[in-house]
Structures are given as structure tokens and as C-alpha cells.
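Across the two complexes that follow, subunit A remains constant while its partner is subunit B and subsequently subunit C.
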Partner chain A sequence: MLVIAYWLHLKMLAASVFDGIFQVIWPLFFATTAFLVYRQADDPAVMVYAGLGSAVMGIWSVVATTASSLLQRERWLGTLELLVAAPTRFALVLVPITTAMASLGLYSLTATLLWGWLLFGITVPVASPVLFVLAIAVSIFSIALIGFLLSVAVVRYRTAWAMGNMLEYPGWLVCGFLVPLTIFPTWVGWIAYALPPTWGMQAIRSAASGGSPWRDVLLCLGLGMVYGLVGALLSETVLRSARRHATLSLT
Partner chain B sequence: MLVVEATDLRRSYRTRTGIVRREKKEVEAVRGVSFGIERGELFGLLGPNGAGKTTTIKMLITLLLPTGGRATVLGQDVVGAPREVRRHIGYVFGGDRGLYERLSALDNLRYFAELYGVAPREQRQRIGSLLELVGLTGREKERVEGFSRGMRQRLHIARGLLHDPEVLFLDEPTIGIDPVGARELRATIATLREQGKTILLTTHYMFEADELCDRIAVIRDGLIVAEGSPAVLKQRVSAGHVVEVETFGLPPSRTDSVRSVQGVRSVSVEERGQAQVLLVQVEPGAEVTSGVLAELLGTRVGRVSSREPTLEDAYVELVSGA
Partner chain C sequence: MTSLRIFFIGGLISFRALFNWLSPWIYIPSLLVAPIFQILLFAYIGRSAGIESDTFFVIGNAVQYSAIPCLFAMANTVAGERYTQTLGIVLVTPARRIPLFLGRSLPVVVNGFVVSMFSLAVGSLLLDVSIPPSRWLPLALVVAVAAASCTGLGLVNAALGLRVRETAVLSNVLFGVLLVFCGVNVSLDALPDWMATVGRWLPLTHAIEAARELAAGAGLGSVAGLIGTEVALGIGYGAIGLLALRLLEVEGRRRATLEIQ
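Presenting the complex of A and B:
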């Protein structure tokens, strides 16, 4: 079920040329802005920092924030009720939707790295390619699980998709994509450490520079699983609440 | 054993009004509905907009929790065992929504077949036969966004039947479809009944319920006001007659005064172009024409005629509560 549902959701995402172009351009636009700002430092190491940060920033924007909008789309199409009326556990219904977005996240990462290389001459030195790929995979997976948790909220609250959008820009800063966490007050650090992308970002940077990413990879994965578990547990409660408050058919 | 059983089923909604001073209001959409459906029966729930038909159906298909009463489908409680209920029921609603516009009809059916756990090797054959049943063979690879309303509706029916459910809930399936499309859809529903499916159909249309249903319950303001076979419901108004009075510029207050005339059972108003036609249901043996015309003094009156009551009159009388 998961594979076919994933494929059909990906097909839907790819079906609109306009949406497709938008998804292609969106991460590159913000990456370009970051590259132009960081170029002023005239330091290749800073550009590598920005290159990696922009790449993960794209995943965050595409996956975590738009997963909830996708569920809102189900409301507009009138299919949300049909998904709920199916005997499959609702958490399982949501997984293919979120993983389809994760695939776009993978594109975003690849495109940003290529864009930085082609237009800005940023070559990201990868000391441990296997660990680098592993760190990326774990980051995408964990960010997808945050998207999953956000989309669960949309089932009950029809304006919860706005929360996804609201989290997009603070996430760029708090997760250390573009600026080091050390410049923020300590309390921001605590928020950052509760978010899997912070650890994912650190893991990717460590793997690229030759350090050991294992601690960060495991923390990213563990936290992601916690978000996923909370989402799965909440999904049935939220669904019951939506049935009680009759919010499933609302747009 | 009854396949579908509702006992004193209730559902109320909370609404809010105002922006600064928000006031909560509780609206009772279903106020104690009870009925039972036998295996293989086609049961109609008939009523006007806002009567509580869709709310009732949504409680039975587990999309809404009842605020009171109890309901079971195939012996399973809709609150306590929702997943078990969902496994054995199909749900089809009318209108344009409920399909993935950017996917083909085939992909829509494949997706829902997966959600309903139809085995992959069965899917191809099942989808093929359903497309044939609803007359969409040859169009299955087209995107749904290019489908007419009738085609969408037929696709909805195919979707609802993917897992071969024992019980089908059809919520106004012919709404907004042209007469030819609606007739084809009714033929499909009749075929399903012949195949032994237990069906709950909600509709606005008396003639549709009459053509298809074994039994009908008329629902008004969240309560069942009449229940029985179409023939039994017709008998309720078969005695007596209907007086039609064509008026122009009829003030709403006059309807109430006409209603108070001795021998008048109910009154409704139908807009026909510039005219408002008063449809006066008359008790058997009563003569009300002069009394009605006396109440309409001062209002411009056109043609006055008398006729036998129709099914439509039965429905109007039941749902108007007059």
C-alpha cells in the first residue's frame, strides 16, 4: 500500500507544470540569496558552510512546511473524509504523503549543491561520502517525521497548515542552517537541540569535514522517531476529536 | 438480524457567532432518529436540505461521533469498532469533490483499492469490472479534471464498490446530474440492489426514492416524520385533493391565514415565473375554494384549479410539517 500510495502522491505533485517549476525554483532562489550574502566574506570555507546550510534549508522548507499544506489540499479536494473512512490506520495513510514530499527534499538538496557548484564555484569537500549520504538520508527522514506530526494537526485544525509556513523561516535560523547556534542566547539553543534538523545539519557538516557524525546522526534519528511516534499516537486521538467536533468536512 | 440499526441517534453541533463578543450556539441536527435496514434492502432517507440526512449517514459511516443514541452496522458499533465497520461499508456522496483531479480515473481507483486493502492481484480485474459497470471503460486513463459531473459521479460509485462492501451508503448520488445521467445512475443503483447489496440512499427526490427504495423514511428537522413503503407513504395523501391558486404579489402572511381555513390540511407556495402558486392540500370531502379565496381578498388571483394529489404533494406535506 505504502509504495503505490507514495508513487501516486508523487505523481500528483509532478502533475502540475506550474507547481513543478515552483518547487524547482523555490529552494534555488533562497540558496542564491544566501550565497550572494556569504560571498562578501571572500572565504571558501564560509561558502562551503553556506552551501551545505542552504541544501538542508531547502529540505526543511519543502518537507516540514509543505507536508501540512498537502493535507489541507485533501480538505479542499473533499478526499480527507474518504481517507478517514477507509479502514487503513490514518497514520499509515499520511506516511506516503509525507515521504512524497521527502523525495522533493532530496531533489532540493541535490539541486542546491549543483547550483552552488555551477554558479558560485562552491565545491563541497566530502571526506566520508558514505557517512555524508547516511547523514543526509537520516536528516530527510527525520524532517519528514516533523512534517508528519504537523500534518496530523491539520486533521483536527483546518488552519494548522499555516503553522507549517510559520515555522519555515525561524527553522532556518534556529536549526543552524545559515548561522552558528553560538550566536544565539542559551534558551534558543535548547529549542534548537529539540529539533532533529539541528543534529542532522551538524552530522552532515561533520561527515563532509571528516569528523565523526555518529552522535549527531543518532540524535537526529532518535528525535525524528520521537516526533513520528508522537504523531502516530496523536493521530488516533486527533481523529476522534475531529469526528467529535465535525471538522473533517470543513475547508 | 438488521444490517443497519439506528436507535435514538442524536447529533448536535456547536457554532459560534460574532467576532468580538463570540456566542456559542448548539444546533441539534439529528434529534433521535431510529430505523433498521434488513439485509438486501434499499432504504431511502428522504428530506429537504438541512433535515439531517447527511449527518445521519456520516454517523453511520463513522465520520461523525453521535452525541446520543446508538448505531450498529453488521452488528458492529459505529463508535466502538469504527475500523471494523469501515471494512464492510462503501460510501458514495454526490457533487464534484472527493476525487484526485490530477490523477486518472484508474489511478484514483488504484489508490482507494490500496487503502481498502484489495489484494494487488484482484485489483486489475475488480477495477476493470467496476469501470464497465459504471460505463467508464475506455476513459480510465484520462485525468479526472476533464470529467463531466456525471462521469465523476459514476467514478465515485466505482470507488465505493472497490472492496465489494456488503453495505453501501449513497448520499444524494444524483444531485446536480442531468436527467439522462441521473437515470443511468439510478439503473446502476438498481443493479446493485439486484446483486444483494444493502443500500442506504439519501435523496431530495421523491420520484427517485419511489423508483428505487423498498422502504422510505422521511426526515424533517432531525426527526423521522414518516416511514414505510412508497405505497404506504402515498396513501397518506391519496385521500383528499389539491387546490392550486395562482396569485401575483402574495404577501407571506396570507399563507398562514389560508392555512387556518377549515378543511385545509397544508399549504405550500411554488414560484412560477411572476406568479406564486398556492398548493392547498384539502381534507377528504371538504370544500375550501371559497374560504381560501376569501382569505386572499386584496391579492391579485389568476387561475384556480383542483387536482388529485401526487407523490410530490405527499413529500411536500411531510417535510413542510404543515
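Presenting the complex of A and C:
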């Protein structure tokens, strides 16, 4: 059921050419700016760092901005009640949707790598292709689980899309996509290490450079599962509350 | 008298009705918190790359962020009316179009100014950027000019809204273009020549340059040329926007496309 739900939602989300193109173009503006800034440092290694980070940050963008409004969108479409009434756990309905959303970040990842290569001559060497793909897959899944938690955490917030948009920059800032964590104050590092994308990004960089990404992959996956578990518990609580107070439709 | 009423009262009412971001639940995260994180993101990228100062990034991003309220609010003058199915009613009125649309621009300029000044103040505090107190008044003038100039581009955006369904996407794309080309995070000297040339024809570029010079201690007189260019560009974009609104309105009536959803 999870696979079918994932595939169904992936096809529905990918149906909008306009949205798809935008999800590619939007991170490209920021990637281009980052490349232009880092280019002034005149260090090829720094450009590879920026190229890889810019490519992955699109996965965070697509989840942060769309998962927060997931339930609101179902509400507008009139399908939220049907999803809630489905004879399965609500978490199992939502996780495939946020995973499909995160998978669309692959468009952005591919486009940014191509963009960096074509316009800025950034070639990202991948020493261990299999581990590289594994690290990306685990990152996507973990980010999807954050998206799931986010979607249920803001269910009572009518304008949740604004919250999602607001989270885009902080994620880019603290997860090590474009800025090394070493230059932040210590307390920012603690926040960063509590977020799966930080470990996912480290795993991707390790796999690309030929190091062992296993520790980072496992931490990314483990933390993602914790977020997913919290989301599952929260979703049951939120649903019970919404049913008791008849506030599911928020109208 | 009627034109004045349409300009001031009509403009204010339509801004309150159409720019639904005025809700604090949207305004605070989108227009007060997000620009601070944009400033922090690029300031830290700059620190990581070892180029430019925090002041450079605070000023560039604070001034550029006025593009979000200015572009989105102006797009809503068309898209918002269409969404509430009142676009036809507005366009069937005999009201003169210049006060009608310029009136809608004035609150947008004020809002863009507030967002930029807030970002400038908070960004400076967070990154310990020191701008002398005597510099804030001239900076406020430049920020106001930048917001007005960007609202001129917003009028073009509003006109395109008569033919484009996804005005939010269009506004985001324009925001991205301004981010890359206007010397926000990379000075024009460091941009490829063709990008710097494009940037010089866009709003915000000259205002950002003027604001940086003012913060560095230059007098208002020494940046008068930059401010004048920014004003001229704003007027130019505004004129193109008003003309495009008129032409696309006529075209929309002829093709019956005003209510495209």
C-alpha cells in the first residue's frame, strides 16, 4: 500500500509541468548566487563543496514549502475527510505523500549539478556511486519524515504555507548545505546535529569524496525515524482532537 | 477629486482586501522573519568564502527583500481581484486607470519600505554591523526610493498577471532575477559583464549601491546620481507597467481572457 500510495502521489505531483519547472528554477537562483560568491574565493575545492550543497538543498526546499501545507491542500480539495476515514493509520497515508514530495527534489538535484557543470565548470567527483545514491535516498526519506512531522504539527495553522516558506532559509543555513558548521556558534551546531539533513549532507559528501558515509547514513536514517515516530504519535493526537471538536475542516 | 478619492481611499481599501499577507500569521514569518534568515544565509556564505563584509550582505539583502512585498502585492491587484471574481467589475468601471493602479501602489511602497528597514535594523543588530546613527535617515530615503522603484516593476508584474495564471510563481522568478543580477550578494564588478549590464537596467541595483556608499560614510550629494538613476528606472518601469496594463486590458476584453482561472 505504501508503494502504491507513493507512486500515485509522485505521478500526481509530477503532473504540473509549471510546478516542476519552478521547483527546479527556484533553488537555481540561490545556487547561482552561491556559486558567484564562492567563485571569488578562487578555490576549485570550494566550488565542489558549493556545487554539491546547492544540489541537495532543493530537496529540503521542496519538502519545507509543500509539506507544511499538505493537509491544508487536502482540505481545499475536499479529500481530507476521506483520508482520515481511510481504514489505515493516518501516518501511513501521509508518509508516502511527503516521500513523493521529497523525491521531486531529485529534479532540482540533477538540474543544479548540470547547471553548475555547464555554467561554472563545477565537476563533482563521485568516488563511490552506489554509496552516493544510497546517501541521497536515505536523505530524501529522512527529509520526507521531517515533512510528515511538519505537516501534522501545523494542522491547526490555517496559513501553514507561510511557516513552511519561512523554514526554507534556516534549513539551508544550518544543515551544512552551503556553509560549514564550523563557522557557526556552538549552539547552532547542536541544532544542526539534531536535524537529519545535516547528517544526510555529510553522508553525501563522504560518499562523493571516497570516505565512509555509513555512520552519517545511519544517523540520518535514525534521526529521521525519530521524527517520523513523533509525527505518528502527534497525528493520532491531532486527529482525536479534531474529531472531538469537529475542527477537521477548519471552516 | 474623484481621481484623488480613487488614488488614496481606493488604493488603501484594495491593499487591505487583496494583500492577504497582512494577517500577522503570514506577515511575521514571511516578511519579518524570512528576510532576516536570507541576510544570515548570505552573510555566512560570505564569511565562509572570505569575501566582502557583513555590512555588504546586510544592506544588499535588506534592500532587495522589499521585492517580495512589492512584487506580490502588485500582482495581487490583478490576481486577487480575479480570485474574488471582481476583476471584471473593477475594469468595467469608468475610473481612470492611472489613479486606480497608482493608488494601489502607494501602500505597497510603504509596506516594502517597512520590511526593508526592519530587515536592515534587525540584520545589523544580529551581525553586529555598525551603521552610524547619522546614516539612518539618508538610508531610509534610499530604501524608500528602492521600494518605489521595485513597485514600478511590480506594476509590470501586475500587467503580466492579466495573461499569466500563476502570478505567485512569476513574482518568485522576478525576485530570483533581482537576487542574482542586482549586485545583492556579488558586487557588479565581480559579476560577468553581461550580468552587470542587465543589472544596471533593473530596479534596486543603484539603490543598493547608494545604500552601501551611504553606510560607508558618503554624503547624500555624492550618491545623488545613483538615486536619480533609481528614480528614473522606477518611473520607467511604472510607465511600462501602466501601459501594459492598459494594452492587456484591451486585449483581455477582445479575447475574453480577463477571467482566466
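In this section, the second predicted complex is superposed on the first by the 238 of 251 C-alpha atoms of A that agree within 3 Å, B and C clash if a C-alpha of one lies under 4 Å from a C-alpha of the other, contacts with A are read in each partner's own complex, and residues count from 1 in each chain.
We adopt the following convention: a contact is a pair of C-beta atoms (placed from the backbone, for glycine too) under 8 Å apart; a residue touches a chain by one contact, two chains touch by 3 or more.
Fair warning: this is a prediction, and the values are worked out from it, not measured in the lab.
Taken together through their common subunit A, the two structures put subunit B and subunit C side by side without a clash. Legend: residue contacts after superposition of the two complexes on their common chain; A:R244 is shown touching subunit B, with no touch to subunit C. Contacts of A:K11 after superposition: subunit B is touched, whereas subunit C is not reached. Of the two partner chains, neither subunit B nor subunit C is touched by A:V130. In the superposition on chain A, A:M166 contacts subunit C only, with no contact to subunit B. Legend: residue contacts after superposition of the two complexes on their common chain; A:A86 is shown touching subunit B, with no touch to subunit C. With both structures placed on the common chain, the touch criterion links A:L118 to neither subunit B nor subunit C. By the touch criterion stated above, A:I183 is placed in contact with subunit C alone, subunit B being left untouched. Of the two partner chains placed by superposition, only subunit C is touched by A:F29; subunit B is not. Between subunit B and subunit C in the chain A overlay, the least Cα distance found is 11 Å. Counting contacts as defined above, no subunit A residue meets subunit B in one complex and subunit C in the other.
Only residues 13-14, 58, 61-65, 83, 86-87, 91, 95, 97-103, 107, 110-112, 114-117, 143, 159 of subunit B touch subunit A when the two sit together in their complex. Against subunit A, the residues of subunit C that register as touching in their complex are 21, 23, 25-26, 29-30, 33-34, 37-38, 40-42, 44-51, 166, 169, 172-173, 175-177, 179-180, 184-186, 190-191. Across the complex, subunit C is touched by residues 18, 22, 25-26, 28-30, 32-34, 36-38, 40-41, 46, 157-159, 162-163, 165-166, 168-170, 172-173, 178-180, 183-184 of subunit A. Residue ranges of subunit A in contact with subunit B, taken from their complex: 1, 4-5, 8, 11-12, 15-16, 77-79, 81-89, 93, 240, 243-246, 248-249.
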